[in-house]
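Please read the structure below before turning to the comments.
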Amino acid sequence: MVRIEDIFQWIDSWAPFRYAESWDNCGLQVGSPLSRVTRLLVALDPASSVLREAKELGCQCVITHHPLLLRPISFVQTDSWPGSIISQAILSGINIIAAHTNLDAARHGANAQLKDLLKLGAVRPLEADALHCGEEQYLGMGLVGLLPGENTLESLAASLNGVFGGVAVVRITGDPGKPITTVAVCAGSGGSMMGKVLASGAEVFITGDLKYHDARFAEESGLAVIDIGHFASEKLILEPFGDFLRSKARSEAAELEVFVSRLEEDPFKLVG
Amino acid sequence: MVRIEDIFQWIDSWAPFRYAESWDNCGLQVGSPLSRVTRLLVALDPASSVLREAKELGCQCVITHHPLLLRPISFVQTDSWPGSIISQAILSGINIIAAHTNLDAARHGANAQLKDLLKLGAVRPLEADALHCGEEQYLGMGLVGLLPGENTLESLAASLNGVFGGVAVVRITGDPGKPITTVAVCAGSGGSMMGKVLASGAEVFITGDLKYHDARFAEESGLAVIDIGHFASEKLILEPFGDFLRSKARSEAAELEVFVSRLEEDPFKLVG
Amino acid sequence: MVRIEDIFQWIDSWAPFRYAESWDNCGLQVGSPLSRVTRLLVALDPASSVLREAKELGCQCVITHHPLLLRPISFVQTDSWPGSIISQAILSGINIIAAHTNLDAARHGANAQLKDLLKLGAVRPLEADALHCGEEQYLGMGLVGLLPGENTLESLAASLNGVFGGVAVVRITGDPGKPITTVAVCAGSGGSMMGKVLASGAEVFITGDLKYHDARFAEESGLAVIDIGHFASEKLILEPFGDFLRSKARSEAAELEVFVSRLEEDPFKLVG
Amino acid sequence: MVRIEDIFQWIDSWAPFRYAESWDNCGLQVGSPLSRVTRLLVALDPASSVLREAKELGCQCVITHHPLLLRPISFVQTDSWPGSIISQAILSGINIIAAHTNLDAARHGANAQLKDLLKLGAVRPLEADALHCGEEQYLGMGLVGLLPGENTLESLAASLNGVFGGVAVVRITGDPGKPITTVAVCAGSGGSMMGKVLASGAEVFITGDLKYHDARFAEESGLAVIDIGHFASEKLILEPFGDFLRSKARSEAAELEVFVSRLEEDPFKLVG
Amino acid sequence: MVRIEDIFQWIDSWAPFRYAESWDNCGLQVGSPLSRVTRLLVALDPASSVLREAKELGCQCVITHHPLLLRPISFVQTDSWPGSIISQAILSGINIIAAHTNLDAARHGANAQLKDLLKLGAVRPLEADALHCGEEQYLGMGLVGLLPGENTLESLAASLNGVFGGVAVVRITGDPGKPITTVAVCAGSGGSMMGKVLASGAEVFITGDLKYHDARFAEESGLAVIDIGHFASEKLILEPFGDFLRSKARSEAAELEVFVSRLEEDPFKLVG
Amino acid sequence: MVRIEDIFQWIDSWAPFRYAESWDNCGLQVGSPLSRVTRLLVALDPASSVLREAKELGCQCVITHHPLLLRPISFVQTDSWPGSIISQAILSGINIIAAHTNLDAARHGANAQLKDLLKLGAVRPLEADALHCGEEQYLGMGLVGLLPGENTLESLAASLNGVFGGVAVVRITGDPGKPITTVAVCAGSGGSMMGKVLASGAEVFITGDLKYHDARFAEESGLAVIDIGHFASEKLILEPFGDFLRSKARSEAAELEVFVSRLEEDPFKLVG
């Protein structure tokens, strides 16, 4: 019999919660550590459609990358987000857990997926917490590494376009013909890493959710940027995360079916 | 048809939410402004027994004096308070509203009830917010007034003993034989008002939930104190509050049954 | 003879600096109030290309929408932004002034331009500072108004696509077929206004620079969003601002040539 | 010849001042480290009656558990507490020292006395500072341990009633018939330890000075509580503390008479 | 019979305590509002020598310009300042009151004395609190005015040298031959007023206690400075303050002898 | 070829930047790490006259003891300090570096110079950062040591008078005849070290820039003080600092001429 508290320990063995940033709110969002789980859904966001999918699949647990309660709440208004999700979860008997920056910083997190996709070599972290360096499951926030072959900003961007499910178009900043060898990546929203990317010597920064002023700053700093979208850059992590949970369940001889969301979509659509 | 948002406006007309202290969290705790209400329960605390009582009475709304979420929360753990109450409320379709320091400061709040019980004359507030002074529904925090007849600390304390449902025994600080004419009252937990009570010239301070150091400070300051208990001092407000809601419903020709909790008890019992 | 301090007063008569947000840093960025000005360039960003354009045009002053020193600096490193701009400005004898949230909140600011473009009727501000309401030059932050004709989210988005110079593609969130009558607009980066947009009853929010979580929140709240890009949404203001300065110069019989940047471009390019 | 600075070092050897909480103010309250002491009084509170007792006994030093100046002062008003005590002390040549949370956390502090009284076995601290764990004089804040024999909440509470000088009646929260084996204790005012008590697995929490909301929270959490009073729970420490000082004086061949207050009383009296 | 509380009201009628800066601590420092006073000493500092002088004169009250407890204290160590003064005051039955920035900002404060000495005309405040402007007793912090006759920085400085009791030498910053017409003055320690002095158009700033960086900043700003010493610049106020108290006592037919300290000296002596 | 970044490393080897206080802003103030340097000027202050001297000497770098941007700036106003210096530096191609509290705490900093001048023996630091104790280049903030020969406060002060270039007169606090053996020194502005000086057992404190209240506090505490002036106390460091840079350049076979300011003067002049 698997309980929510077991799921915690499994996640903690793969992406330890102590790796989370101090401003983050990983772990239990709604539910009880003692609840039983036989079916579980992995997704990026604690959104209505994800909870509906979980309910239809008969899941008692949803693990999302983004925390439902990143900011504390003073009331649970059931007709507006995030109260609507709390209500939906309680009425459907669904527990919600978040694995956010602990997963970002872990050895098998979203940046590691980007690295594999790009076939980056000689990778090193953009930012590493001295407290955890050397731990087996720790990787750090963001990566920088070397791209194989000959590339320009434009050819690299074009090759990324269409690889990810969420966007059909990527945004770039910089001279399209700029040759690219050293690449920094940060899945999700990498704007706050700009200074470390510059210091790393990378020629291009691949990330998502860049603000206008970040892009202008990159331009002024001679750094090329490819914005592949927040959703696209993180969606990569879901299948490997699901695989880990399945193999963990098997190794514990636990009855647990693990699903990865099929219905979740990027909230941004392009028109034009 | 009465909705939760109507109940708000009714409360706001009797104990305006703008009277609440800045640290307080009055108003909606759990639920939706658009929910329909036909039966409503008034109580002091958002406790399990109160929610059970509400469910048994078929209520869709509980108004409590103490806010469920006085401190913001970062997760809803459904097997421990306050998450357990959020869960109970959502599963039973019950909306929870708090009317706390707005009610304390209102003309017909708990201090007004204490004043009537003691038959105090020439009353004035211990603390008044200049912003609201002169408003019809505003009274202020705490009261000071004159007691009719001849009293000592001991005779006054003895006369209060047994008047309230929650306690069989009151605690006093000071010389039992001290003559008492001027009385300060503050329903609930009045420790933070000690300075204003001293400045008011009162000979005794009747309140609840006094800490040891408050009692010692009163003793050093020559101020007598009668601690009648937090629960007892506030329970008085429930019936008048219920009456107000009933009369409001009548005047609006609204179908609403209002109940005052019969099962709620003081969490403190005496042994000895 | 026009001095920088005169330019200040002109701006202040059109977009009073007291309208600026408390976190903002409008006004002089680099230079001296006593410097003489005969040629002036208006642009969105204090970027290298803009300073080069100003130098080539023989300008002694650049007015940018975005402040060079939004965050205070502890050193002026001349080979990295913003120190590079400070150095460029001082070496070229160029004074830099910012007109940012004072311009956003002014009657003839960027939101007013969006309103005209969309032919919105019955407009009212999304957020208004009680201190300035009723002042002739004050409009407020963001607008909400009624769109003429019959529109869906998709048709509206398509009609906006290509109108602005900076983007060839806009991003939408929501059901493409949703009928749209009430529109909220906020030029620049409107993510922080989401709560006020929801409260306004708008069916769509047109703004720029939305983050992923803002888009997801909009989706969960049933609010459609059209992200037209930060650059595109603000570029509209430059010509009217230039026109104002020219007419002011004429009315003061002052010798001042006013240019609007022709070379400034959106830092984001689309690939795909 | 014994000086105040010697008394400090003696206390520091038994209840090291570095064990004090960061918000506390242990150590010298009034006087000079160089003052000579031949007679010394130990008490709980820096109250007028205690200072009178000290003066009558010819003491030059009073050690109190509660600090006179827990909160810093901006004036010494000699006709109101705590200025009145400062004035009394200076006029009587009495030095005042506080040994508060350093004593609570020490091996022979008030919790250790409660443990002996209850004959608790297998005790461990509720909260321990990693910095001091393993130090010979360090115990931690609060204790949890096993009660010998068969007990219910009611029988345990009844057995405590009358044991302590300060109260004739104790307050309980919880089902009187609940069987009790594991007991948490925290002398003084233990409300802030509630979370750690719950995590400890204790069935009852014996402490003093509980607030109403603490009691309600305990009730909601299924934790029984016995409130024996702040005064009663700490009075136990005075005799052992006096004994320590006497033996220390003997071992140093110092002329010092140590008295424990005979006149100090609980400020709360019960009526009813 | 005059009490300390009467002295308060007298001071308050001349230099209202509400004029004090928010960081200041004017009013009672040690003693009781109800103490009787027949003899009173006025001085700048709550120093040992001043308390001895007060005791020898038989005073029950010392009014000092500088507060004894500008920063709150957590213990009264009687062998080091300020505890030593508290102890001396209590043992000698002396009450200590401070009249500090309320006096600085008052119509007859130290700046007014400097103005009279310099025969400044057309004076206006350097800084005025909008809350008190127009009140009869309010003047503001610092003054700026016009000097009669022809002066240079050097001749003005030389004329000030020797006028004050405390210093034999003043320090200047700036070109000795600079002609001076407009003068800013701020008794005490005026370094924080430098920005307002610059904005006032003054050619010289006469004040005390300037730090090195203030002097360098003045030099870089083309502002001349004459540092006449903190003590010297404030000593002027003592006699007029004493006169006021005497006349107040006479008008109230109160028995009160007022002394101005004869023994207080500048702590700085020059050598060389 | 020497670059600014090389100069940094040289300074860092002699007075490591990690020794700087947390509130300080040492390092680059204006310029670029990559700028070339062939001539360099060392001075105390980033003042106009120092920059003129640097320009006349053909220097591309000025190292000052006091940081230009101790407080962050939100605009660069080129006609007032510090913007005027930024402008002067950029127009003259001069880079400005600050070596402030890192130099104060270093083995060969200003306190070491004072120690040599006074021939102090048995020196130890007044305050030492546990993080750096034992490092070869670390000394600590302030020094205390033994003075050879027989001295009184007056004879010591007289012997110091005239030794330093900046002042002709020193200020003392205390009994001129007091015998002096143990001396504390703190170059610059030592007021905040008063508590540590008292604890050190020093009989006199030699420092600069003392405020009036510091002097009064010293007087009340029985501590003698000699104020030799901020400028004078720090000027001593310039020649040794210049010598170090010259020898470093020689040992690196680098072409670098090092000048020590000849024109810089104390902003304070005495009159009288």
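Chains: A, B, C, D, E and F, in written order; residue numbering restarts at 1 for each.
To be clear about the criterion, a contact is a pair of C-beta atoms (placed from the backbone, for glycine too) under 8 Å apart; a residue touches a chain by one contact, two chains touch by 3 or more.
This structure is a prediction, so every number in the text was calculated from the model and none was measured.
Chemist: Quickly list, by label, the chains bordering both subunit E and subunit F.
Modeler: Touching subunit E and subunit F alike: no chains returned.
Chemist: Starting at subunit B, how many touching-chain steps does it take at least to reach subunit C?
Modeler: Minimum number of steps from subunit B to subunit C: 2.
Chemist: Considering only mean CA positions as chain centres, point out the chain farthest from subunit E.
Modeler: Of all the other chains, the one whose centre lies farthest from subunit E is A.
Chemist: Tell me which chain's centre, taken as the mean of its C-alpha atoms, is farthest from subunit C.
Modeler: D
Chemist: Between subunit D and subunit F, what is the gap in Å from one C-alpha centre to the other?
Modeler: 51
Chemist: Quick one: report the Å distance separating subunit A from subunit B, using the average Cα coordinate of each chain.
Modeler: 47
Chemist: Considering touches as defined, can you lay out the ring of chains in sequence, from subunit E by way of subunit F?
Modeler: So, from subunit E then subunit F onward, the ring reads E, F, C, A, B, D.
Chemist: For a test of understanding, state which residues of subunit E touch subunit D in their complex under the given definition.
Modeler: Per the touch definition, subunit E meets subunit D at residues 25, 27-34, 69, 72-79, 86-87, 90-91.
Chemist: Which of the residues in subunit C come into contact with subunit A in the complex?
Modeler: Those in contact with subunit A are residues 45, 47-48, 66, 80-81, 84-85, 154, 157-158, 161-162, 168-173, 176, 189, 208-209, 211-213, 215-221, 227, 229-231, 267-272.
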